[in-house]
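The same subunit A turns up in both complexes below, where it pairs with subunit B and then with subunit C.
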Partner chain A sequence: MRVSILISLFVMENLRKSWRHLRIYIRFSKIRFVDKLSYRAHFFLVLTEYLLIVIVSYFLWKAILTDGRVIRGYSLKDMVTYVAIAGVFRFFINEFSGAISREMGGQYRTGELIMNLLKPVSYQLYIYFHAFGGILFHSVFRIVPVLTLWALLVGLTAPDHLAIFLTSLVLGALVHAGIAFLVGLTIFYVEDNSGILHATSAIIELLSGTLIPLVMYPAWLVSTMNYLPFRFIFYQPMEIYLGHLGKEAGIAVLCAQTVWVFALSTAGYFLFKNSIQKITIQGG
Partner chain B sequence: MRSLFFYSKIYFRYLSQYLKSRLEYRADVLIQIVSALSAQIGTLIFVLTIFNHIPDINGWSYGEILFIYGFSQTSMALFSMFFSNLINLGRLYILDGNLDRVLLRPLPPLLQIIIERLDIGSFSTLALGFGALSYAAVKLNLSFSYHLLFFFVVLIFSAVLILGGVVLILVSLTFWVKDPTGAIAWPLMTIRDFAKYPITIYSAPLQVFLSWILPLAFTSFYPATLFLERTDYIFHVRMTPLIALLTWGIGLFIWKRGLQRYESAGS
Partner chain C sequence: MALIEVETLTKTFKISKRREGLSGALMNLVKREYQFVQAVDNISFHVEQGETLGYIGPNGAGKSTTIKILTGILTPTEGRVEVNGLVPHKQRRQHVKNIGVVFGQRSQLWWDIAVIEAFTLLRDIYEVSKNDFQKQLKKFDEVLEIGPLLHIPVRKLSLGQRVRCDIAASLLHNPPVVFLDEPTIGLDVAVKSNIREFIKEMNASLGTTIILTTHDLSDIEYLCQRTLIIDQGKIIFDGDLEKAKNELARKRKIQIDLYEHIDIDVIREKLNIAQLEFTKRNDYSLTISFDKNEISAINIIQTILDHFHPRDMKIEEPTIEAVVKEIYSEDI
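Showing the complex of A and B:
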């Protein structure tokens, strides 16, 4: 408890100091957001697609958890909420990975990377914030409409500990950004990393909990996953949402997430520094 | 009318040219295989995990669910192998003007589009689907006879044709759309997910929709019940080849009409 207050104070202090700095990066988010807005025509199509995914999983779980069956603490009522949020997040997570890893690959290939290296900003933060613009777009135009519709049509349970849930969601996005940045760096070592990207997004789908609540996996896998960062992307925030974790446990999750954010981003920072040494830009 | 022999010769020419051009980039082929597998493995892991906790889904046992999944995966993989290029009609052919090239050649345009490209990644999903199917068949101790084998081939063939026909109908509509990005057929790739499970789990209106409006249930669930020895759906099993003919009939009609409307994007 006290540790978390200290950490948040530390973070706040630093954020205040670097506010002016941050404004530059927020611009990058804005660029991405406006960029995404130009694809408005697809809005209803994508919305339909999201809803379809959620509807399939809804009926599937309704058949699985019939007659009051409960699997590892998950009842049908929990799953109705879980599938709706997981359904929209599965797409969202894919897009977010793409906005980081695929974007890095694209910039590497087109040589745009070099233009960004010349700018007096951190490339890593630039990439992160650029992707956050996409998050904002998705939240406003995809996640909120689908979940509102779902709440009206089928019903959603309200989140427990809303503040902790939202914080853990943001930290989860940062954990994900850290992983995606590391995966994106593979472009420096292989000519074409799209296979790696696809495989990672499958791994993230399986291990972040958007496919199925992680506790339902076999015991050996569950215990392995405790040592991996993936569950913090979606599963842990969702456990807080559903009230499976109390307040104390929720705050412990936030601390663990913060540690992972720092670890992954630091690793990304040093690996990136190392990687740009071997960069070859074609053309000119 | 040229002979079937002529067309199959052309098909294998196209195929070998395409494979040669693709195999030049070996790594790319591997990447496609990995990508296709990663996109499809989720459902299988889902089913395997869930059945650790429950004995059945809506009265369907583990083996039966796996069989239906395998059937749907097999027909979908064969569909992507042969017909997936149809989905590119809007963007690649109408928007980029490749259709002009196709129309100038002395072969049916639809045939050319279908055989110009082959989804290499679908070889891996075919293996996945067929693997699940065979494993389930052994596990369920399903009876085997040359009769059933014949029906299996007919039904898989029909299922693939239904998927192809539905996509043909949807993409042919792009001729009437102002912004032909091929987006029409795109949600279909998601809707296919409905066919991976027994349709009895869905609500009644959805079952009607999946049977008689968008006949995806005929590409997996209904034909699979024949081998699972569930006799309730024998009518639907018999309807499967007819539905395949019907979707192709409608699809070809719309395609022909659309092609007449086509004005080149050219300059």
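Showing the complex of A and C:
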């Protein structure tokens, strides 16, 4: 009895501590979110570009998938939903990579990195949460309005297993953050990593499925991608959304995503720890 | 065990040489040449709890490099560093909880947010209670006059305003060890003297250990019982600068203006002391230099009064700047 009280006290204490820590990182997200609010005018540009791309791919797929044809499990209805959502995600997947990898480079050059190293916070979590603030901004002010508009004008399939889908989207963002952090670390080894950033940006766009569903790729590429984390960023969550996976396979995806999140973030943690010992701080 | 222990510390920077021009840039791509800079060269010192240590030296001497190592953001090439029983670059996150750092040349605050928001964020990070936080804010407002700045984003502050907020931010959690690297850069006279007063008070009432780097030697004179002088990565002086001033700069000067035309030989004859040095400034004015431990100024003045008609006299004490200059030049 007494032991169980002690244990529950211990658990409570730790939860309280974690919550206090989490609160600090959430404030970093909030700062980024508020900061982003000042750039809202940009929205109409994004919307126009989005509509152009999505409408083009819409007519393209309409021409291909005539008379109820289904290619590799994708009907026209599936495909239209896929491109409508992929179109809006493409933008901010790019921005999210930048908010992590490019931000790390910028902080290294300006010395902001030092400032963060002088505080008793985890740099990795700080960078993650800072970028999450950006995601939140994009979700509220871009993704949701654009998709609502699209749903009203053209129509969208409703998601299968909404809760599993949303969870897998969040985990997908974490997988993405893990990759972007690792890519960002290259700034400590090469003076100018913008080439690397561009290349990985293109790879992420291709392999996460924001261009076309990954099943459309040649078989050898599809089987290679099974061993890589990229498809968990967008393609797998979309497969859940479209109901191609069902509940059990959906949960299996969540598990696989969790494993990748841990693997990538742990790698990031140790590599950062290691590189930070090697770097020289720029400036007086 | 001392609070801060530095043993045979060395930091070598490896810099890739850049050749000039386009052909040079192409050459750089093919073959890199490296150059090594010994920013800190085998230095050792201890600092006890409650000390205020001045750390001075010419530009590029290695001061900031040492501070960066002590604060854990730079890894030493060789040697041992311990602060509060922690190795800064290895136990960085633990270490920075106990220290306050000001780099006058760069901001410690988040660029995009208002000062007060940065402060409350730091309050949460360092787990300062709301009560203590309010007290600190009030204290800082008195000394640093930051009240009117609290709602301005950091990027819109002037240099001096930013430094004031930076100082406040770094001391918010009452750290037992404080590193100040040129903290009074860009500050006006009034704020500067407030800050000095504040640092002195903090050291006296809380026993805070302070390491202060500055080019303003009056800061050092006012605050530090002990000073380290570093030059080209090596420590060339460790002790009380005031004492050094008395020992090293024993030379004193008297400037004398007379109504009559000056003839040095006549004056030399009247004074009749061997170790005096005479410099004629113009026909009516001269400077006499002497060792103050051997000759009293009164003797000289008395003799002058007895035999000549002085219009004005001025005794020049050696300045701390002159002392430091002398230490630098002795080193070379």
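Throughout what follows, the second predicted complex is superposed on the first by the 267 of 284 C-alpha atoms of A that agree within 3 Å, B and C clash if a C-alpha of one lies under 4 Å from a C-alpha of the other, contacts with A are read in each partner's own complex, and residues count from 1 in each chain.
Here is the rule we go by: a contact is a pair of C-beta atoms (placed from the backbone, for glycine too) under 8 Å apart; a residue touches a chain by one contact, two chains touch by 3 or more.
Note that the coordinates shown come from a computational prediction; the quantities given were computed from them, not determined experimentally.
In the overlay built on the shared chain, the residue A:F59 is in contact with subunit B alone; subunit C does not reach it.
Look at A:S194: by the touch rule set out above, it reaches subunit B but stays clear of subunit C. When the shared chain is aligned, no partner comes close enough to touch A:N226: not subunit B, not subunit C.
Legend: residue contacts after superposition of the two complexes on their common chain; A:R23 is shown touching subunit C, with no touch to subunit B. By the document's definition of touching, of the two partners only subunit C reaches A:I31; subunit B does not. Between subunit B and subunit C, more residues of subunit A are touched by B.
By the touch criterion defined above, A:L45 lies against subunit B but remains apart from subunit C after alignment on the C-alpha atoms of chain A. By the document's definition of touching, of the two partners only subunit C reaches A:I114; subunit B does not.
By the touch criterion stated above, subunit C contacts subunit A in their complex at residues 13, 64, 68, 71-75, 89, 92-94, 96-97, 101, 103, 105-113, 117, 121-122, 124-127.
Only residues 41-42, 45, 48-49, 52-53, 55-56, 59-60, 62-64, 66, 69, 71-72, 191-192, 194-195, 198-199, 201-202, 205-206, 211-212, 216-218 of subunit A touch subunit B when the two sit together in their complex.
Residue ranges of subunit B in contact with subunit A, taken from their complex: 27-28, 30-32, 34-35, 38-39, 41-42, 45-46, 49-50, 52-54, 57-58, 179, 183, 186-187, 190-191, 193-194, 197, 201-203, 206.
Remark: subunit A residues 20, 23-24, 27, 31, 35, 111-112, 114-115, 117-122, 277-278, 280-281, 283-284 touch subunit C in the complex.
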